[in-house]
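Dumping the structure here so I can ask a few things about it.
All chains are identified by letter, namely A, B and C, in their written order; residue positions are counted from 1 within each chain.
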Amino acid sequence: MKIAIVDYDIGNVRSILSAFENQGANVFLTSDKDEILKSDGLVLPGVGAFSHGMENLKSYDLVDAIKEYAISDRPFMGICLGMQLLFEESEEFGETKGLGLILGKVVKLPTKDSQNEKLPHVSWNELNSNKAPWENTILTDIEEGSDMYFVHSFIAQPRDSDNILSTTEYSSHHFCSSVKKDNIYGCQFHPEKSGPTGLKIINNFIRMCQT
Amino acid sequence: MSKELEAYYGLPSKVKFCKKCVISNQRPSSTIEFKNEKGEKKKVINFNEDGVCSACVYHDEKETGIDWEDRDVKLRSLLDQFRSNDGSYDVIVPGSGGKDSAFTAHILKYKYGMNPLTVTWAPHLYTDIGWKNMQEWMHTGGLDNILYTPNGILHQEMTKNAFHNLLHPFQPFIVGQRIIGPAMAKKFGVKLVMYGENQAEYGNSIEENTNPIMNMDFFSSDDVLSMKFGGVSMQEYIDTGKYTKDDFAPYIAPDKQDLVDNGIEVHYLGYYLKWDPQECYYYSVDNTGFQANPVRTEGTYSKYSSIDDKIDPFHYLTTLIKFGIGRCTYDAAQEVRNDKITREEASYLVEKYDAEFPDIYFKDFLEYIDTTEDEFWKVIDKHRSPHIWKKVDGEWILRHTVSNTGADD
Amino acid sequence: MNKIRVVARIDVKNEFAIKGIHLEGLRKVGNPNTMARNYYNNGIDEIVFMDAVAAYYDRNSLRELIQEACTDVFIPITVGGGIRTIDDIKNALNSGADKVAINTKAVQDPNFIMQSAKIFGSQCIISSIEAKKIGENKWEVYTDNGREPTGKDVVEWAQHVEELGAGEIMLTSIDREGTKKGFDINLYQSVIHSVSIPIIASGGMGKSSDAVKLIKHVNVDAIAIASVLHYKIESIKEIKNTLLESQIKVRI
């Protein structure tokens, strides 16, 4: 069983590798299309600008392979920018097109008052459940209200609220902190940086890849 | 056939650096300062056959060869002999409120139950941080102090002479500083004087370390009028008609026999406790309100050492000129021995900071010694020993450095 | 609700963790990896490793340290001290750090912050500001681990770094650092109203009530603590409990 982490020259992947290895996965970094398509699980990491992310995916010629993998019903997880890229487009720096795997778009995190609620949102913050239960998802056995580590200025807004796996409150606004659409998951937070609870989420994902 | 270069001050003609720390064999040992005169041959730090200086050798011994528990017992029994039970002072602690004297006075009072009187021979020119630390020593450290400030007119003239004749502006200060402990002991009827560290920490002969008591010759004299200040004898100052013997009261070393008769003893706390200057810093911050220099001290990388006198940097400038070693070398060598930095790191720091010119108080110094900038440089250049300095394209360069980057390395 | 972050600051010299006072002194306090792991296991929210002697030796050498740290410490790790080039940042991030803290180089060349933020993203770039009090409500920016004054005003510099693209500010009071006498509350009060990026308060915590006092007065986003942990004065649990009891939200 092999889990592939997309290497498109963006962000810190070493922590993700360490976290997966820590949880016993056979994990590897790759920018090879075939490797991606052959893997049993796929992780799309990323930090920084949406447009930069898409540019790199294109220049590494990975867009099609990722899309193809996504419809193959095998577990797929996007982390932080990786989650945002799953959507149709982002309003950051004008309109940039994303992978379009989940309907919805990426917008700036609305803040009322720049004194008390700053951007980027850098903090530990709670996951709250939405309509769907967390059983049999990457949030299996995660306690309601668990704190995860966030660092971002943009958020994804899924068009279909059924895709919202968890919400989190910041600046009196409840934003989507994780998504699920069939086999595709996205975490706005960093599970590899969220202590034991984050490792548990990673472990859940690994178990899904094993079945 | 290479020409042998002249070595001033009777210094060793070949410059060598200690294999363990960064001090060179040109470092002078402590002398009896009021005998210090022009052209005198200097006694220097000893290097053993492995090229290791005596300070490092002493330090190794400190680590393994000394029973510190036994020394503590010795300290307690010494203090028991002198401790007063009527509220009077029972130990004089000379110092400026810097980390070492702050540590010494505070620990004697609060750990060992003594009743110290701290005595300070005033710096030439207090820095703001120096004054603040001195006050904190009293107000936060909970100690008593006498600040003794000698006649500034005489002191300035002596310092000027010391700079011009010996390139050792601190010479008169050191005379006073060494004398004040025993002198105050005599005045207050106190028999015990306790200094902090022993100069063997820094390279005086090791035999001095087996003796907790300071050599009396440092602070007593049989023939007072022949005492020299800035290379000029007391008699010569008096002969100018500007001064009388009265003016020299602060400098007159107590009579040796007198001290013996009064049972006055001068000890080093560094003999009884394992000394670590950096730990003295931490202790004094925690206990006596000590604050490090807000900026990096010129000529070195550190912030906690010797920061109370504006003239201080010029002492180190003159050691650089005469012996090729500046403040950074002294600081770094000490920290290497105490295992805070490696020799490699020390060499790097010396290369970076040793020759830094102390700009901040340059004008204050020139004013203090009533010397023009031109005269200053003339005196400086006169004292550069040919075996240490080389003039290359109009600039003076060290022939040898610890990192082997000297003109002749 | 977002939580105040409790960050462990570990100053490092070669293979040792050290702790100074007023950013001076190299007293060894332990092994940095052991300490990081220990704090992680006890619930710390974030780790900052600062190379305390990078300024002396014109080098930075924390790569191996970070590599080892991120194999078993799964919380954000920041690295600072001697970050001078884009390559330094790249190396730090590739070794496993999530953010870098930059001070001296930024003061010498403010454009460096703008450049780094553009390449790596603001979220990776923390502006580390060392502040020394020079008057009533006036602080001066220092560089080189608290050694060199710059003549810059802290509040103005903080505003400037935000404009340049820094994602957060770690603001250290040189006067309080290592003293365990409490935070310089006025310092943070002066800066907080001038910037809108997160502020990490660093320097002076000796007991939990110091943190409570600070947070009740000033809306800082995080506190960086060192002496109180390294000298085992209080445990992370004790600190967090005290904060919770004072109605301050922290991650449990």
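Everything that follows uses one rule, which is that a contact is a pair of C-beta atoms (placed from the backbone, for glycine too) under 8 Å apart; a residue touches a chain by one contact, two chains touch by 3 or more.
Worth saying up front: this structure is predicted, and the values here are computed from it rather than measured.
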>> Give me the two chains with the most inter-chain contact pairs.
In response: A-C
> What chain sits nearest the middle when you go by CA atom centres?
Replying inline: C
>> Could you work out how far the Cα centre of chain B sits from that of chain C, in whole Å?
In response: 38
> Any idea how many Å lie between the Cα centroids of chain A and chain B?
Replying inline: 64
>> Taking the mean of the CA coordinates per chain, how far is chain A from chain C in Å?
In response: 28
> Can you name the residues of chain A that touch chain C in the complex?
Replying inline: 11-12, 14-15, 18-19, 21-22, 47-49, 114-116, 118-126, 147, 149-153, 169-170, 190, 192-196, 198-199
>> Can you tell me which positions in chain C touch chain B when the two form their complex?
In response: 14, 21-22, 24-27, 53, 56-57, 132, 142, 144, 146-149, 174, 178-179
> Given the complex with chain C, which residues does chain B contribute to the contact?
Replying inline: 278-279, 281-282, 285, 291-292, 294-296, 301-304, 335, 340-342, 345, 348-349, 352
>> Which stretch or stretches of chain C touch chain A in the complex?
In response: 1-5, 40, 43, 45, 67, 70-72, 74-76, 93-98, 120-124, 167-168, 192-193, 196-198, 219, 221, 250-252
